[in-house]
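This is the structure I want to talk about, given as structure tokens.
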Amino acid sequence: MKTILITGIEPFDNQAVNPSWEIARQLQRRQFGDAQVATCRLPCVFGLAAERLIEAVVVHRPLLVLALGQAGGRSKVSLERVAINIDDARIPDNHGEQPIDRPIISGGPAAYFSTLPLKAMVQAMVKAGVPAEVSQTAGTFVCNHIMYGLLHFLARADWPVRGGFIHVPYLPSQAAAHPGAPSMATATVLAGLEAAIMAALNTERDIAVTGGAVS
Amino acid sequence: MKTILITGIEPFDNQAVNPSWEIARQLQRRQFGDAQVATCRLPCVFGLAAERLIEAVVVHRPLLVLALGQAGGRSKVSLERVAINIDDARIPDNHGEQPIDRPIISGGPAAYFSTLPLKAMVQAMVKAGVPAEVSQTAGTFVCNHIMYGLLHFLARADWPVRGGFIHVPYLPSQAAAHPGAPSMATATVLAGLEAAIMAALNTERDIAVTGGAVS
Amino acid sequence: MKTILITGIEPFDNQAVNPSWEIARQLQRRQFGDAQVATCRLPCVFGLAAERLIEAVVVHRPLLVLALGQAGGRSKVSLERVAINIDDARIPDNHGEQPIDRPIISGGPAAYFSTLPLKAMVQAMVKAGVPAEVSQTAGTFVCNHIMYGLLHFLARADWPVRGGFIHVPYLPSQAAAHPGAPSMATATVLAGLEAAIMAALNTERDIAVTGGAVS
Amino acid sequence: MKTILITGIEPFDNQAVNPSWEIARQLQRRQFGDAQVATCRLPCVFGLAAERLIEAVVVHRPLLVLALGQAGGRSKVSLERVAINIDDARIPDNHGEQPIDRPIISGGPAAYFSTLPLKAMVQAMVKAGVPAEVSQTAGTFVCNHIMYGLLHFLARADWPVRGGFIHVPYLPSQAAAHPGAPSMATATVLAGLEAAIMAALNTERDIAVTGGAVS
């Protein structure tokens, strides 16, 4: 049976939950066409997070990898376009590490583009009534680190596989404690991801609609 | 039997739905203690909206009135503190009227404060995991008009009744079409309103916690 | 000779400066038509701030009073439409007082509207190339307190005088220390205020253009 | 004599001015240490903009290249960290072209990092009282295109030269016509750039302070 690997991250930054894992674990064993979801919870730790993800990829040899992460302050599900080869931590990770301007892979390419059909996935989510957008930056913390590590590995994979990173807003219960912060209910994110996963499975070549930013 | 009156507003500003009415109608006939919810859908029309609300108040003689409205662009459920005696419409209402700097009630007071226990209601919503806040302005469009009209009437009511206005964010399906706009799922808003209504029924005198704004 | 009274506030909230006073003191003795500017620096203290302002009004018997204050987080010069009869302090004032939901004037009206020709003043500022807008809330801290106290006093004045409150953004040097905060240079604010003061002096009855907010 | 090349862009998106060129032309012939500023106004056109910039680089063989651009909606001077190999235009350029997901250089690297000492430059601007920050995305429009084209060329330059891209906010006169938009006065941006240029000239190896984003 084919596998879709969906990962979330443990809580960080003094949060009790991480919406990315709350979402991912609800998709465990879910069927999409002839593929089934496997999940993995990643530590919020530079280095280790990418290692764990790659181990899961090696075990499952999935046809699709969606790594999820929390984006406090964003109001929409964000499909990341690009991961860059830099760690620059504004806050410490869960092991207390706070690298500054350090390459993720020494000598690696400056960036990798997501290999997901981003525009088709966003369009499917919006059609499903879920706020979604392409994002031009995954930041420079553990989320970007995970995405870069994943795409660096997949670039050398010897089976057909597509992967990328998706940021999700705070849960309502998190935003309740943050003045001004937007949020999204688990059920809304799940409805969006279901539509996005089907779009990813059914789209060979991405559609040509803009998802750009002027600045 | 005692009544809680909850009103919503019809869609406006080219929207297909108005979350305030989507929420209100799901509370129809709901029981809270020994009180039952009655609902009313108001037109998005200066003058008429307040008249319809007052008619419903006269018919039901409720102990609690919650007038709901849509606040596109806000990320939290907002309990309005004050309504001001002015109509200043940035867009036309649903009858094409666009008053500028016109008093709602000629010779009326400059403002009315909500008679709801706002701080207790916000605290209950946050405890229920729902993003909520006190808001210092209901704008100058039909929502503020409705709130002012309601409080002007209730100030003269000859039975014990408390009332006020609550703004709710876009639904996810609305925000999906608005770049950058935050949203809140119906189920999240409902969970918050249930907690807020119980707090309103159980709070005689509001609690002393800040809900202010520096500017 | 006629007088225009312009007041600023001392620094608060751990800031080294308050842009409202930096602006006001640069207008000291400036001529506008046959009127000259007098200034006054108010303490950021509930009660005392309004007392000092009223003392200055009594001394100068100005034809125009512009009370200025700092609005960290706002990007435009904001002409406040209304002051409400409530103190609700999110942070302590400079005497350590932090009132919650306390009327400014016990038994006073719920609100006072600015008696400035707001729309004409905003239009003049925008024509001068300065970002400006009508604001529907002055908050519930010392700025709103000052505005309410001023308008409560002016409502009983026995000479022709108009007054109101204007919020100004952080100075660039303040915003440099606040992630994401917008700012405005002193010279830009001054150019705007000069245009606004001339408009106030030359406008008997305000113009009819919208300055409203939908929510 | 040594040269610092500073470029701006012509107006686009229905604007009458572009702050990047208003700033750049005021720096024309300015001296910094033993170097003098040369300037160039670039068209807001995919392809052509990068060609013109590279021509100017070839002519001047500068030791430092600062390409400036307008970032409507941003409140701080933004030093861009990275340019990505994609054009995805949300609006047409000034020749009416609107590419979607098209590589800037077919077969080129996914991204280039700025070769400016970003952290030292931001620190110098903040010390000068000018709001500034590192930005993790230059968007996917002509600004990112220019930055990628510049860095692709400089990567092969046979003389010591550093370069990158800096986004500046709207001018106050532009923001006056955009509800909610922050702005920055020309004099403030100039003060910041002077400090940043001196820091760039005096910093061999960038300082280790965070300029990262969590998401």
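So that you can tell them apart, the chains are marked A, B, C and D in the order they are listed, and the count of residues begins at 1 in each.
What we mean here is this: contacts are C-beta pairs under 8 Å (C-beta built on N, C-alpha and C of every residue); 3 or more make two chains touch, one makes a residue touch a chain.
Just so it is clear, the model here is predicted, and its values are computed rather than measured.
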| Chain hops separating chain C from chain A, counting only touching neighbours | 2
| query | By CA centroid distance, what chain is farthest from chain C? | reply | A
| field | Candidate from B-C, A-B or C-D with the same interface as A-D, over half of contact pairs in common | value | B-C
| Over half of the interface residue numbers used by both chain A and chain B, so same, or under half, so different? | same
| For chain B paired with chain C, centre-to-centre distance based on mean C-alpha positions, whole Å | 30
| request: Would you kindly tell me how far, in whole Å, the mean C-alpha position of chain D lies from that of chain C? | output: 37
| note | Where chain D touches two or more other chains at once, the residues are none
| request: With chains as vertices and touches as edges, which is it: line, ring, star, complete or other? | output: ring
| query | Any idea which chain A residues touch chain D in the complex? | reply | 13, 69-74, 81-82, 84, 86-91, 98, 100-101, 109-113, 119, 136-141, 143, 167, 206, 208-215
| message | Quick check: in the complex, which residue numbers of chain A touch chain B? | response | 75-76, 125-126, 129-133, 171-173, 175-177, 179-185, 187-188
